[in-house]
Structures are given as structure tokens and as C-alpha cells.
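Both of the next two complexes hold chain A, though its partner changes from chain B to chain C.
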Partner chain A sequence: MKKISFSTREKRREVLARLERFGLDLYEQLEKGIFPNITMPSRSIDNIYYSPELRQYVLGDKKIKRSASNIRHLRPFAQLVWMAFFTHELTQNQKTSTLRDVFYSAQAYDISFKDQDESDDIITDLETILGCTREDFNVFPEESSAVFGDLTIEYTIPNYEGKRLNLTSHPDGVMIGPALTSAEFIETSADKVIAIEKGGLFTRFIEERVHERFNAILVFLRGQAPRSTRYFIRRLNQELGLPVYIFTDADPWGMHIAMVIISGSANAAHIRELTTPDAKWAGVWASDIINYKLPSDKLEDIDVKRLHELMRDPRYKDELWQREINVFMRIQRKCELEAFSRYGLTHIVDKYLPQRLKDLED
Partner chain B sequence: MKAISQTFQEISPADFFYRNREIAGFANPVRAIFSAIRELVENSLDATEPMGILPDIYIRLSNMSDEDENFYVLRVKDNGSGIPADYVPLAFCQFLFSSKYKLKQSRGTFGLGGTMTILYGQITTNKPVKVISSTGPPKIYEYTLMIDIQRNRPIVLDRRIYDNNDKWHGTIVEVNLEGDYPKAMPKILEYLKQTAIVNPYANITFVDPRGRLYKFERTVAKLPRQPRETLPHPHGIDVETVYRIIRITRCKTLLDFMQEHFHRVGKRTAQRFLEFAGFPEDADPKKLKPEEVVRLVQAMKNFNEFLPPDADCLSPLGEDILKAGILKELEPEFVAVTQRSPSAYSGHPFIVEVGIAYGGKIPVGEDLILYRFANKIPLVYDESGDVSWRIIKSINWRNYGLMPGMPFAVLVHICSTKIPWKTVGKEMIADRPEVSREILNGIRDVARQLGAYLSKKEKAKYEKTRLSIFAKYLPKIAEFSAKLAGKEKIPDIGELLRRARKIEED
Partner chain C sequence: MKKISFSTREKRREVLARLERFGLDLYEQLEKGIFPNITMPSRSIDNIYYSPELRQYVLGDKKIKRSASNIRHLRPFAQLVWMAFFTHELTQNQKTSTLRDVFYSAQAYDISFKDQDESDDIITDLETILGCTREDFNVFPEESSAVFGDLTIEYTIPNYEGKRLNLTSHPDGVMIGPALTSAEFIETSADKVIAIEKGGLFTRFIEERVHERFNAILVFLRGQAPRSTRYFIRRLNQELGLPVYIFTDADPWGMHIAMVIISGSANAAHIRELTTPDAKWAGVWASDIINYKLPSDKLEDIDVKRLHELMRDPRYKDELWQREINVFMRIQRKCELEAFSRYGLTHIVDKYLPQRLKDLED
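Here is the complex of A and B:
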């Protein structure tokens, strides 16, 4: 059993300090009688670069300046300051809010957003300025995925603070929501993480006791993983030192689900702590369709188009990715995780999984 | 060649107009009642304004009897100079008798309209016309008259004389006629309203057969400049006119003749012209042969060195009066007017005046709104055939920040000694290049003024919005940054708001 150091409380203190510094900077500008301004990295396409060292997209050196003397900046400027204030309140009081909640909360302060997209955008601005994720200041998206496995956590949220939970407690898994995201990791017997795109397979894995047989923490991605889940996987990898294996459908979209966990997305280029560069795409590969004689479907035009895009994408330059893209192109077929059921419900767990994990560990 | 036996019958002018009454606007009962009102109102305006009198015109239209709705009594009263008693029968009941045969701008040309109204009344009702007039004390004369159509002579049925104790001067005409007021009503009211636009110095009162009162009140006590009579310009002359002048001239030489009888022809111009035309300077005009008269007229048209006609003979409204009329009747938010410099076509001087009115009570329609006037008379029929209509349809209004569907109206007034009518109906102005150029430039001028007004208004609105944005958001920024920083005191942003105002002014 590993014992882990506490991290989320420190993180919270740091986030609060950054928010306060942000406010103080504006306050001092106002006190000097000047129109306050904010400088932040530009998130426009021409300032997003792929960093091979970090193995993710990052922002370049271009900055944008928002000034309260500019009529077009005033509204988003005020929205941003309010957002900082509001999330400071959230974080300080250890309350959480969904993106939608934030949108509505603004109205109580006579700050208006014309729609949720606008408020989401201001939240992204705040992430960019502070250099941390919205989950750090307690704003979460609606959707959530789940985790199952032998990991004991300790809640840090009010009313549950200090309470511990083992993540095998519930057979459906435990939702990766705000409470779990901010929980401290206490101990685990697992030596790996297996992340699965689809709910059916996640349930099958629990039923087949994959967590015990393979000493694994199982994470259900629910398609393209939400940022809180990506952040959670990163913590499992970084804090617990667990290798991460990702299983998706064998098609360009499945590949990309794995890739976003590994190297992040261009949309999150302003954030550094969402990626798990050492995670591995464990399948289902295009070559598995041939080797395991899996039932498959023909690639659609849109799949082929996507494959062409991925082929040029700097995140896909490694040998495994290029090889599998080429196989896809050659066989013009794709298949789903469930395709293994052709050989019986337990085939994937009994045969495919042990072999693949063994291959990748070597 | 076979000889044909024909009966030639000379017809009198009255007979001619009787047979061709549609050309004077009396084709049917609807149009006739409109034209009757229009002719008498215009006579009244011409009896007042040129004499320096601010017009007071009272119009009453009533049913002749309760039984028949299609017969009316039309009574029009003015405060004009009145008509000398002896001239009343001829002035009203003989065609082509008029005080208007001189060359200056006036509403009617031949005094035809008033007599036509009486003729029409007579042939539809077989009733006489009553004319009451006084040129001032001591007497008022009342005539009851009919027209002898075949002989073009007035018949005086009755003549009464009253004491004029109230120092009244003016004329009252009371005529019986067939008409269709319900159908004509919209055009009549439109005509009166538009008359009020170009005659804001007049009081016009109209009581209709149902007793409804329409009042168009005077808002300016100033009359337009009066036209001065001028000689004909050589470019606008024809053979018959030259003959008439030859008949009355006392000049012994063509050199004198040209200077004496034509507009803006001095000695040097006359000499150069006669040389151009190939006539000796000392030729006797009375001895010109018919073919020489024709050659002289042709030469006058082709000689390019005559000075252009001057506009003394014209009586434009002037920008102030036009503006006052528009403000009074259309009640817009904004008005711009312009008077173009005098110009001429074929020797006839003219002046174009243009106005544009925006907002206020100007309605929003699908199409453009155009008001047309000629010699201070509104033209309410046949809009789409008019040169002004073609021009306003061809303008790209977007260049001026305008588009059809916005509340604006264009007014075009042309005044001339000879309006370039398109048809004998006198409702449409013809497309003469000299005229249409002035109309186009005039419209562009006022459209630019309106465009400037609108963009200024837009800017003021923007500025207000802009400042309200500062006023809304700066306090929020101050409040939330203070709270974030954990400060009790919220920074004072008064100075920043003052500077926000200055940024725009700079």
C-alpha cells in the first residue's frame, strides 16, 4: 500500500492567492487613476504550437491586452473581474458550480452573459490568466465519468472533509465529480490504470473483476473525456505513479479520445496540467482487426478525411500512431470495442487484455 | 381629283373647350369636382399673392339639394384685390380673356380654368354662376352669369350693387356642378394639404358637404418675391410671336427691334446676331417677307451667344417659406431645403426648389414619398410619369444612409414662365435634360444634408451608449477588484468616467 502526500489543499491555497493577486493588480491600477488593463497570452490559432518536449499544445508568446479604456473591452473586462471574484468566493467557501450555474449566477450581480458560450469563454480567459484549470477554482462541466478500483480517497469538501471512501464501494463505479476531483489520494494497491471509452465494457470489466485480476483502477471515459477526468487520470499517473492504458474503438475518433488524454487538445493549450504524456493507447488497433479477425465496418468518407488530418497532426508523429493510421487506410475498416463479443463475452478479458498489457509493459 | 362638298363651321373658343373638356381636367364627375376646387383656389391665390395680400381662402362645398347627392354648390371666397365691376362678366364667362397674357410666372396661363369650371357647372346643372366682387369701398357687385357657348359671350342674368361698409375686397364665386365628392375626397384633401405646404402664408379653410371642417393655417406672414414681367427670350420664340411683335412694334430697324423686344439683348449682341443671321442692321422689320421671318426665328434658336434668361420673372418660394410649409403640414423631425440657381431650357427660365423631410409624422411606406409642385401648384395625379419620380427611383439612397421604407419624403418644386409639361393634362413634368439635371442635383443636395443629420444623430446616440457602457462597467470592475484584493474602500472612478467622455471629444 502506497501512502501519498496531500496535494489538493495546497493547490486551493495557491489558486486563491493567484485570484487575489489578480484583483490587487487591478485595484492598484485604479487607485493610480489609470484605466486598468490585463495582459494575457493570446489563444488565437496563430499562437498555438505543439511542444514536442511537453508533448502537448502550448500557447506561443503572443499576448493580448484588454483595457478598460476600450469600449469593446469593457464588458468582457467586467465579466472577467466578476468571474475572478465569483470563483474566489466558490473556492474559499469550497462550493462548486457547474458552467451553467456560473452563467445564471452572474445575473444576481447585474453582470450579464448573452449565453453560456460567452460565460464559458470568460472562464477560459480566467484559466489562461491564472494558468490553472477551472476545476481548480471549483467550476465543473455537467458531464461526468466514473472510476472503480482499489483506491482510498479522503474528501476535502465541506461536510465530508476527512471522510474516506474506497472506490470499490459501489459496483457502478464512483462518479468523477467535484468532490472526487478535489479529494486527496490516501492509498491504493493498484499498479495500473485502465481507461475505457465505453460504458458497456467498463461494466463488463467490473463484472469480470479486471481490477483484481490486473491490479487496475478502471476509469470510464464516456467518449471524449471531460477535463476533470483527464485531470483525474493525470493525478493517478503523477501522484501515484501508475501507468495508464487506454482502450477505445478502432477508428480515428477512438484514437483521438486516447490522444487527448495523452497530449491534450488545442482548445486547452493554455493549460499545462491536463495531459498524461506517458499514457498509452492500448487498443483497439487497426491491426487488431486483422490479427484477431474482428467483425468490422467499412470506413466512411468522414473517417477517411479524419485519418488524413490525424496523419499530419504533430501529436501523431510517433511510430505506433503512424503505423495504425496506415493500417486503417490500407484495410479501410473500423470496429468497436464490443466486436470481441463475437468470441464470447469474456474473450476480451481472458485473451486480448492480458496479451496486450504484457506487450506494452515489455 | 374629286371635289368634295364640306360644311365648314367656325367654332368659338367656348365651344372648343366644351367639346374637349377632358383636356382641362373635367372628364368625369370625380375629376371634375377636384378640378373645379383646384381652379377656383388657384384663381384666388393669384388674386391675392401677386398683389402683396396674404391669402385668406374659404371653400365650401355643399349638396345642391337633399334629393340628389351628385349635385353640389361650390363657393370659394378670397380676400384678393377684386375685379373691377365692368370686367366681371368677361373675366368669368369668356374664354381666353385673362389678365395673364404676359411673360411672368403665374399659376394659370390663360385664365382658362375658372371659366372652364363655370362652363362645366352650366352644362351639368343648367344653372348660372354667381360672382360677388369688390375692389374695395364704396360698392360690392353681385353678378348672376351664364356663358353663351356658341358665341363665347357672357350673359348677364342679374346684377346687384351693395354698399361696402366693411371695407371688404375680394371675390366670391358660387358655382353649381355635378360631381362625386366621396370618390374625389382623398385627392381633394391631399391637394389642399400640399397647397398649404407651398403656400404657408395662406389661410385655407374647407368645409365639405358633410360639414367637416379642414383648416390649413398660415404660419408665415411673408410672401414669396413677386415676379417681374419680362420680354421673351430669343431662344423661346416662334414665328407667330414674332409676327405679333412686328405688328405692334414702332422700331424702324432690326437692330432696334432686337434690343427693344427681346430679353437680355443689348446692342452688341444684336449686332453679332444679325451678322450671324445674315440680315442688315437697318432692315425694316415690318417689311420682312414671310420666309425671312422664318429664317430670323431659326437663327434666333441657333445663335449661341444670347445671354441666358434671368430669373426676375420667376417667383420661387424661397428656402424659408418652403421649409415653413413642410414643417407646418408634414411635421417632420428634420427638414432640409435647397433652391437651385436659375437655369433655362429653350429660352425659358426656371428654378428648381427641393426639400426633404424625415421622421416625425412622415409615414413609413413601402415606396418613396414624393410631393411635386409646379408654379406653387401641387401635382397629385400621374406621379409615376413625372421626371422627378424617375429621378428619385434612380438614386441610390443608401449612399445617403437612407433606404425606401425609412420615413422620408422628397419635395420638388419647379417654377418657370413655361413649365415643361409632358402632356396637356398638366400633371407631369417632362424629362428635359436641363430640368432633370437641376432636380437631380437638388435632391442630392438635400439628401446629403439629411444623411449628415442622420449620421450626426447616430453618432450622438452611439456616444450616449458608449458613456453608458463606461458608467455601467467601470464601477463593476472597481467593486469586484476591490473585493478580490480584500480592500474595504472601492476606488473612485469619477475621474476615469470624466476622461472617458473626453476620449470621444478628442
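Here is the complex of A and C:
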């Protein structure tokens, strides 16, 4: 399937076109007098592979077919057709919805889902068929994170169409919701993206003017980044050509926050637009705990268990990851981004950050 | 203690003055040749009372005294003096910090806290002594929620001092962080505040132009609202005279989100600036589940247990609360804000919201 263009306006047109093609195909089958059916890649575990080339999980060649002639398929078939109709309405009218809201909305059409899991699953089917993310057809997550830095965007949503905002306008950070996710990028003086797990550090970075001192766009991840934020980071990387550096706590959970931005998750093996394979985990590394003598805590059993899992995970095979997992195992300690405050509030910005960026750029 | 003025610039000066008075008092005692000591209201449970007049928990008359002459007091005494020094630095330099960051920062001064609980507790001591919130001396929560509507604010933080922003500038909502919390309110055309528990609904309200149709400032609570958001809502109510309506899920946890905005929590019995006693819980009520035939779920054991607690809670003695708790108990059902989507995505805005506002205004 053709790569969707980066212009968000064009993208909306393309998504609508794909939804319409999906519907048209069903009509054509009906007109030919055959039971309509749909073929899509299987998302079962035995069809999920890690692609070293794409540096993410992908689906294999196994397909599944759903046919209206099969009584067991009728229910998910009808649900899927309704979902395509409903998301077409959303996208057409430029209204957004959440996964929860879609579940309840179905009841307005007498479409039955026994629980939200069932409707979420049908939304994933639709992503698989269309080859785009649910955010593309206006189903957004509840959570939102934030961004700050010299980037001027232009909204494409109703009532704001054509309006511009510079992302330094609000020094608490600009929320990454549906309006920002679908905005066009107009202009930036930044030459890198710095993504940060914790809100306190994001605020500190703004206060210490990291965006100016390091020509950076700052992204607040709010822990495990919501999908729309991962998508936003990918756009910053791909459309603007900016390298991405990710700062997290030094523990297996922090590592994985970085990894999911870089290589995505197995759950999203059917889509390509949520990863930033060239993004770099910039710290806090296990080795930083030693080198910077950072205050640290003992690894708990659950941390060690998680490290064993990561060790065997194909996404973690590169040298940096293996090295740091080994250091964690040896020192049996973890630490937080805030631990640098042990050397004063601005130490992380004045010393650690410039050194690490220099190391990674070399 | 004199009421702190509403101007945030004056407030900063007042907080600095109180911190300096605190230090001066210690010096004066030392000069008189006596061991310095500090007297403050006790925060132990037997000194926390509900005040029907203030409609919040308050501290009684019991005092505790900490003296440098008592070996058992020396440690918390030193910690408290350092905390006053450190927060004075923060406030003076207009830098912000989080509770976590304060804990680590202490290590830069060789002040020992055995864990964050201990440093959090000393921060609460300082709040009690100064009679202001930790946000006033620049210790902010990590979480942040958002606001949207026609309100023009003027920043008071460095580099943004004097700059203005209208809170309709970003249609994903404007984050309520340190910069917004400390901004001055300049101008608004709104005549009410609508606070919403869920992000999906907040986005829907913006898309459906609730801010224009109902002349409202919209606040996204993100579940149990962070303290700075409760403080922000109080300011909208007290400085601008706007009535506040709170919309949550129909369950004991949703009720309590509203209640904490209205009457605060027992933990904050020592401060007065986190409550909005005249704010109203506007729904979703248990009785709405019946009247609007909303999709609902069975109450779980933990919900019922919580309802029993609320029934005995002095904050819940008013008629509306008791009535709705009784309805929950009778129907044994709960429901979410999103349940209105059962009647179409805009039903909540087109039908429910205007009717409920009308009822509550009468």
C-alpha cells in the first residue's frame, strides 16, 4: 500500500479514500451476488516477527478471511463495517473520539459489543486493513503529553484551520492532543529533539532554557508515551530531519520507554507510523550511576525479572542495550533522572546534558 | 495571619517575607542566647476537625513545639531550617522544583532525609508554619491538567514577565503548570467554569464549542485534580467570581473528585487555598443513570465499601450528596461520562449539559 504523504491535510483525504474503497469493495461483491468478505493479515502471535531491517515488529504473510457467508464471522464482520462507517463520519466531520467513546457510540446504532476489549479489537482490525493508525481516523488516546520549543505549526482542524502557533507560546508546555497531532509543521530553528520521561525535568529544562542553549524541541513523555506522542516524535524526526534523544530513569522501565519510541511494540506490528528507529536512548544509563556517583536504589525482584526479559528481546540486541543491561545486573542498582539534583538543581543541564549530547553526536 | 493578596506578584513578595521572618526569628532567639524553637499547629488526627462554616477540614488549637535544645528534635529542626532556606532560594530565583527533586537536592547540602516521605513531611511542616501552599514557594506537582476558554492571562515568570496569552490559543487545551498557576488574570468574557474529569470529554467539549455556546472556561481535571489545578479553579471562582460546575463519572470516585475540589482533603487541613466551597457537583449523578437510561455497570464491592465511607463523611452531609449516595446504594449501578455517547457523540453537549446548568442555576 502506498506510503501516506506527510501533509496532514492530504493524509486525511487519503484515509477517507481508503475507507471509501473499503466500503465500495463490499458493495461490488454484493452486486456480483457473492457474500462479501474481507482479507487481512493475521495478528496472532505466530504471525508476528521482529524485522532487524525495519527495527520493529512486523506481521508475516498469514492472512485471515472474514466472510458474511460464515455464521461465526457475521458478528465481527458487521462490527467492522460499522466501525469503518463510524470512523469515516468522524474523519469527514473532523470530530475526534476515544476508544471508550467508540464503545458507547456503537449502542446509538444498535451495534453490540460485549465490552470495550471487543470494540478495541475491531478498531485494530481496521488499522490493519487500512494500514494506518487509529489516530488517522480520529480515535485519540485520553492521555496527552506536551512539547515546547521553537516550532511554528499550522492547525488543520475546523475553526482553527490556517491559524498558527509557535510552540514556545506557553512556558508550561503545549499539549499534544488531536489539534497538534494533525497540525502542519511550518518552521523551526531547532536542530534536535530532546524527549524526557518526567514532568519535573521537562519544567526544569524549560526554566533552564535548554531549548535555546541546545537548539532543541523538548517533548514531555509522561512516562510510557501515548501513541499520539510517539507519532509526533516520528514526524519531528522524519519531516524535519531532527535527531531524537530520549532521557528516562535508569531502570528497565525507563529503558523500555525509550525502546517503545524507537522500535514500537508487538501490539503495533501491523503499523509503521509509531516508531522512530534512529532515535537514541541518551540516559540515564546504568553506567551513569557509577560514573556520576548518583544516589541510587536497590533493584527489586520485579526489576531483575524485567531485565531478564529485555535481555532476550530482539529489540535489545544492540551493543548499548546489552552493555547497560549487564551493568544493571552487576551493580543491582537503579536511579531516577532527579538524582542529578544531588549536585544542585541545574547540574543535569549544565554538565550531564552537554556531555552526553556531545558523546552521542560524535 | 493576614490573608495573602490575590496578585501573584504580591504573593511572591509576601511568601519571601514570611520565609525571612521565620529565619529572623531564629536568629533573634540565638542572639538572646536561648536555644531556638518553633511552634506550629499539630497535624495529628486528633487535631483535625471538619468546619461546617468553612466547609473544609481545619486544624484545632493543639500546638507542637520543636526546640534545638531537645536532642530528638534536632534532626527535624535542622531539616526544616534547610527547607525554609532552600524554598527561599527557589522562590527568590523563580525556579520550580518537585517533591522528588527537593528530596535529592537536600543531598547537595549534606542534609539527610532517609526517604522522600520524610522530606515531604517537612515540606508540609513549612506549609503549616507559613500558612501557604508549597506551590507558593515553588514546589509543584509533576502532574498537570489543562484549561481552555476565553481568559487572557499575563505571565509573571522570568523571560515571560508581562507576556500575555489567551487560553483559546491552543485547541488541545493549555497546560496548568507553574507558569499558568502564577499568571495574573487580565480579562475574560466567560461567566462560568466547567470542570471535567475525563480528557476525551474535555476534547469533545472544545470541539463542540461549549466554551462559546455556554460562555465557559473549561478545565480538564485528569481524574483526581492535582493541587495546582484545584488552586487554579479556586482563583477562577474567587478572583473572577465565576460559578464552578464539576462533571465526573457517576461512581463514588467521581463524586470524591468533585468533593476534593469543593472541600479539600484532611491532609490539607492546615491550608485554606485549595478549596472552592461554592463549586457544584453537576453530574453524572446516580439518578441520571435512571433518568437518562444510561448504559451502566454493576457496583463492585470496593465501590460499595467506599460509598459507606462517604455516607459517614462530614463533607457529604448535604442533601444532594446523601440523596445520590442512596440512589447508588439502591440501584447498585455506576456509569461513566462517555455513556451519553449511547445517544450520539454530541448528546451530552446538546441536551444534558444545558438542562443540568439550567437546573443548578435556578
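The rule we apply is simple: the second predicted complex is superposed on the first by the 356 of 362 C-alpha atoms of A that agree within 3 Å, B and C clash if a C-alpha of one lies under 4 Å from a C-alpha of the other, contacts with A are read in each partner's own complex, and residues count from 1 in each chain.
Keep this in mind: a contact is a pair of C-beta atoms (placed from the backbone, for glycine too) under 8 Å apart; a residue touches a chain by one contact, two chains touch by 3 or more.
Keep in mind that what you see is a predicted model, and the values were worked out from it rather than measured.
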The chain contacting more residues of chain A, comparing chain B with chain C, is C
Counting only touches as set out at the top, which of chain B and chain C does A:142 meet: first, second, both, neither? second
With the two complexes superposed on chain A, say which partner A:107 touches: chain B (first), chain C (second), both, or neither. second
With the two structures laid over each other on chain A, which partner does A:165 touch: chain B (first), chain C (second), both, or neither? second
Would you check which partner chain A:350 touches, where first means chain B only, second means chain C only, and both and neither mean what they say? neither
Chain C residues within the chain A interface of the complex: 95-98, 100-101, 103-105, 107-108, 140, 142-144, 146, 155, 157, 159-160, 165, 169-180, 198-200, 203-204, 207, 209, 295, 336, 338-345
Touching residues of chain B toward chain A in the complex: what are they? 466, 469-470, 472-474, 476-478, 480-487, 491, 493, 495-496, 499-500, 503
In the complex of these two chains, what residues of chain A are touching chain B? 19-20, 22-24, 26-27, 30-31, 33, 35-36, 68-69, 71, 74-75, 77-78, 81-82, 84-85, 88, 109-111
